[in-house]
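In what comes next, chain A is part of two complexes: it sits with chain B in the first one and with chain C in the second one.
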Partner chain A sequence: MAAAKIPKPEELIALRYEPPETPWMETPTVFRPGTWSYTGTPKSLATLGLPNSRAWQPTDEDWKLPENWKQIILEGMAERLEKYRSFRLFMDICVRCGACADKCHFYIGSGDPKNMPVLRAELLRSVYRRYFTQSGKRLGRLVGARDLTIDVLKEWFYYFYQCTECRRCSVFCPYGIDQAEITMMGRELLNLVGCNINWVTEPMANCFRTGNHLGIQPGGVKDMLEFLADDVADRTGVKVDVPLNRKGAEILVVVPSGDYFADPGTYTCMGYLMLLHEIGLDFTFSTYASEGGNFGLFTSHEMIKRLNAKIYAEAKRLGVKWILGGECGHMWRVINQYMDTMNGPADFLEEPVSPITGTRFDNSRSTKMVHIAEFTADLIRNGKLKLDPSRNDAYRVTFHDSCNPARAMGLFEEPRYIINNVCNHFHEMAEDTIREKTLCCGSGAGLGNEENEEMRMRGGMPRAMAVKQVKEKYGVNRLACMCAIDRAALTALMDYWVPGVAVVGVHELLANALVMKGEKERTTDLRGEPLGGMAVDEAL
Partner chain B sequence: MPQLEVGGKSYEVDEDGFLQELEKWTRDFAQGYATIEGIEGELTEEHWKLIDYIREYYAQFGIAPMIRKMCKDTGFDLKKIYVLFPSGPAKGACKLAGLSKPTGCV
Partner chain C sequence: MKNLGISLFAIAVLVTVSVGATSAGWSGLLTIVIPYAALAVFLIGFVTRVFRWTKSPVPFRIPATCGQQASLPWIRRNPLDCPSSLAGVIGRMFMEVFLFRSLFRNTEMEIAGQRPVYGSAKWLWFFGLLFHWSLLIIVVRHLRFFLEPIAAWVNTLAAIDGFFEIGSPTLYLTDAALLAGLTFLFFRRAVAPRLRYISLVTDYFALLLIMGVATTGLLMRHFFPADLLAVKNLALGWVTFAPTIPKGVGPVFSIHLLFVCALLAWFPFSKLMHMGGVFLSPTRNLANDNRMNRHVNPWNAPVKVHTYEEYEDEFRDKMKLAGLPLEKE
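Showing the complex of A and B:
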């Protein structure tokens, strides 16, 4: 019952990258403690209306599957091959060139060949060949086809919940195969027979109950945001408003719930409150659309749609003009890729225009939802904010491109533009670990739980090594990011691999530097640490 | 669901030992669990101050308090909370107070 003991960093990094002696189809899957996640509880599955809710764990011999589980999976596969052209294409076109093989953070950190994206996809592709291609039906193993057995299903579960759907491998694929979509299909199929993990199902169940992952009810949301507003007043002497569920507001603001509940995200949330107050934006938060995150992305397309619907519904109910979204990661893949077609068109909203600068956000014309980094960068570019970057002089900052804002929406310049305007010491990590080649935190897609910690530290190792490099070279002591999962995951990752580097949000850095009207003399940053260059001097 | 023996009684808990039947919580449960958590002897007034605070917040809002709010309202800083509950505010104090563990981007 106790969490598995995690090896020391020097033990964990001692990898030999030697493949197992047996061919991959004959290498059994071992559910080693520390490398897998607990299964969805019967209660959460029942709340979500997901099939086969029952108590079980992957280490059990009997997974208590429905008698006709194989038929369910194969019919599910047939349906999806028909419905999603990309799925059939990705099953057919891989030539196994291996360009992706060493690009996956889980492969780099574990040395397990089944974490090479090409082989992870092959777990599914081999079954596709056997049942859906002529050559596979006739020639079987000779053409890389294999029967769907219970061991294959267990292997899927282990490896599809060891992929964070970060899509780094896809950047290197000459065919542009989106491995995240293959993992998504693998997980959809597993969900048909009731195989999901609790770090995904419980936040989703909470979302349906209270509007957010953490299960915070409206009174709790109000209490937390007001607590943060009090903290802002303590630090700055400025009383900021926390408008909630206000009909007729111009803009609805949707942020991840981690930002108003858990440190260090709470400092980013204070940053939003200070910024929105300072520019006098006519906005409101919502206790219903109180979550940016959407763990449907890690479950099924149907679940993405069901969970995402509340954002437009709430925008309509409140009568806002458009929506501003916070520093959430995967939420932006859902918004950019799915929201419009799944729950739109949001023709009751207007094309987003900044009421402060008059800038029209053309890229959000269809979704009507703007990323706060774009919004803020535009404010700075138009000279609407008074900033004193010397207030961040204690920090030497590097920036982790969170996978989805980077690879799913190409948001590279805006966060850097903000950081460069609010900090005097910014240092990039190695070129092949940033922007579209950014390395995952190792805990996305629902894998950020404690029981999976060894795998998280393995998966996050490449990112951590890039941070370590800039720490040693430039004395970096702050790792900025734009994702709530990152803020939780990277904090644990730094403690393990690179102690001494704290994790901050971009809007936390902005708020430290933001000169507010009527503020008292600022002597500390948002965390209550004294302003000035002390920490940097100590670091070097 | 796993069962956990605390002070001679059996409780339903999750895989990490968080109580699943919140209504079954008693002060004896917290005291019994303290021993399992490696807290020596009787829980002190300071332990109870934090446990009672967490339970009152939960009764009002249906969720654990933010850690920073917990610190501000009880006057204990994080260091002090770790001294009282070596597993920390969430895995130690909230667990003894009978709350379930938070999930999501945390």
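Showing the complex of A and C:
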């Protein structure tokens, strides 16, 4: 199947927000090419032992569901209502005030009312009412209840895989109703009858077996990291080490595999290598825990736990003191919200202390995992790094808060502190589009695949337009972020909406500015582009 | 519009029942049986609902962080929008419950000049807050019917509420504010296409019913005075569990009372339960101390993982070839 052709930006932005004539319960779901993702393959499902593996696509008439699919879903719902207060509560208390309605980037970019968080929730809530509340059982449609039918299931599939679990809606809801939680429940239910997408299941299957999403085997991980070390030597003249699976190291470093696998993440990874070398940290990477990312988050809580277990297990096996985590979004939602609860307590590790500055990272004393932005900000603050921000003078930088570090962690100032110390030209985007109100890249939660491209460009439009504004105003040519999915997704998004803006990691910017001991005269940045003010002049 | 029509019809039914029952001489039913029954349904229903919520555990700590986390000591944190201590959580919840903090963030998006812009939209917050605070004060003012002697602070509250002494009897500010709030909320829902699209019958019904209570209340106060002494005797009868059927409290009072009973009895089965739910929302009432203190999941169970041993067994030769250390040669 070839990817659908997507409309031009001018066509895409011609949006209408008037709801259709038919009430939403009577508006059928259309699987339009370019707006949905291919389904999980039998091979991936088999590796993971997930149910109902078969070959099918959502455009098929027959979804080849198990005979008793309805019973499976309803029992699954009953179980989850008992297990998650969030689920039961969020099913009950929405007043349909509509405050969340226009906060979702997919609604802003598509105008489809079922992309309003409140309606996305009603898709499931209506079924909840019908089978789990007295009034819904008796009064049905009158109180917004409806039967669970195959069309309802198809609608769930379409719209729960059109939510990036970004939590922006939750910030604005007076009760904190979090559609991300509801989408997670919806996807768990869909998974019970084998309705999932390949862009999630394949990385999971790879991750389960090889430790990383891309299925890179141990030797491959080593080759790639060493290749990056060679690139570092080429740019800086400094030979950096790539310790792997080394027992007795003080710190285990876990990064998203996107960082060593593909541009532009590789430049961020080079940044880590340079930084860790420069401060002489006693650390190791691991081929077994060669992925911080965790697509279990986009499948089920059980899958989160299954894929996350390796991180503590590897830290224990290697005998490290604590763990340092790279720039990744959903990886950090998992670490911050789930890891310790699911796979802890990490009582075999020590409370993290920076061996360079002596700073105790009190905020991670239980989980024992520190975000590299926290770590680096502390180094800069204590004057441990020699920085020459003028080396980034070709860049006019803006910063995209990735949804997860923003709304599931509260990591806002650390990256800004770093950027301000390594760049001379930093410009924030509009207030309503950053920090806790940040707008999603449109490709998170497993939706960053090619066949879904139109929906990604729609969902990413609000973010892109905020970048466009600072590009026009300040000549911004670099979009910094701290997320591996972003580095891939925003690159495509910029090419489509705001050509001329490249995507960089925070530690790429840092490494450009980092003055290393014994380095040769630096004439290029990490990308091999000449240093100096040229690019800015071009942009203006 | 169909949904609005059905709710209007439901309101009309309530009025008819009330008027019918009064003229049929079933005052006892209306003033004693139904009020007690409604209150019982309310109390039992409310407690049951809250109990059912609390019975489901909070397996993970999932606060939505709306401000800077507590990290390095020199980074300025936001203790209210991203609390990391109990005191912070209490502060955050106070802001949510009494000031509708999250709703205050509301913006309205529109496409202008080929890009989305986010205009300030505090109207919902303003009228929502106006409505709720007025409702609270009005409910408290009603205590004067249930207390003898009337507590001084209830009188003080009423005096402040009637401070401007407009008209006779004095117009309470909260009455006007309540109606203003309700009118805004109602028209917003009935007119704005997006709101109309998401609204259920019950959404209109909630607003119309409360409007009905307020309107009949105002009618009694300003146009068709009820016999306040009879009302007070009735109310005191209720609280002392010795109710007597009042004589001639008037048809408007009967409607007012039946509306209130309907509201009470329906409350636990409706979205109005957000009153209890707002306190329990895990994205708001948990501290973001996730990495500081371990959160325990009561149903945490072992899952099937891929161990390092299995990994090494599969890749041993390749690891050896790459010169990576091994557990077993």
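The rule is simple: the second predicted complex is superposed on the first by the 540 of 540 C-alpha atoms of A that agree within 3 Å, B and C clash if a C-alpha of one lies under 4 Å from a C-alpha of the other, contacts with A are read in each partner's own complex, and residues count from 1 in each chain.
Just so it is clear, contacts are C-beta pairs under 8 Å (C-beta built on N, C-alpha and C of every residue); 3 or more make two chains touch, one makes a residue touch a chain.
Since the structure is predicted, the reported quantities are computational estimates derived from the model, not experimental observations.
When both complexes are superposed on chain A, chain B and chain C end up sitting side by side without clashing. Contacts of A:Glu79 after superposition: neither chain B nor chain C is touched.
Of the two partner chains placed by superposition, chain B and chain C are both touched by A:Gly219. When the two complexes are overlaid on their common chain A, residue A:Glu374 makes contact with chain C while staying clear of chain B.
Put simply, if you stand at the Cα centre of chain A and look at the Cα centres of chain B and chain C, the angle between them is 150 degrees to the nearest 10.
Of the two partner chains placed by superposition, only chain C is touched by A:Arg88; chain B is not. In the superposition on chain A, contact is made by A:Ala262 with chain B only, not with chain C. Put simply, more of the residues of chain A are touched by C, taking chain B and chain C as the two choices.
Looking at the shared chain after the overlay, A:Glu350 reaches neither chain B nor chain C.
By the touch criterion stated above, A:Asn198 is placed in contact with chain B alone, chain C being left untouched. Using the contact criterion defined above for the overlaid structures, shared-chain residue A:Pro462 touches chain C, although it does not reach chain B. Between chain B and chain C in the chain A overlay, the least Cα distance found is 9 Å.
In the superposition on the C-alpha atoms of chain A, the part of chain A touched by chain B in one complex and by chain C in the other spans residues 217, 219, 223.
Within the complex formed with chain A, the chain B residues making contact are 1-2, 13-17, 60-63, 66-69, 72, 102-106.
By the touch rule above, chain A contacts chain C in their complex via residues 13, 15, 17-19, 23-24, 49, 81-89, 92-99, 101-103, 108, 113, 116, 118-119, 122, 133-135, 142-144, 167, 170-178, 181, 208-211, 217-219, 222-223, 244-247, 287-288, 301-302, 305-306, 309-310, 313-314, 317, 335-338, 340-342, 344-345, 359, 361-367, 369, 374, 377-378, 381, 406-414, 417, 430, 432-433, 435-437, 461-462, 465, 468-469. Those residues of chain A that touch chain B in the shared complex are 1-3, 38, 41, 55, 57, 198-199, 202-203, 206, 212-217, 219-220, 223-224, 227, 231, 256-258, 261-263, 265-266, 293, 295, 328, 448-451, 483-485, 487-488. Considering their complex, residues 6, 49, 52-62, 64-72, 74-76, 78, 81-82, 84, 96, 100, 102-103, 105-109, 111, 114-116, 118, 124, 128, 192-203, 269-271, 273-274, 277-278, 280-284, 288, 290-297, 299-300, 303-308, 311-312, 314-315, 318-319, 321-325, 327 of chain C touch chain A.
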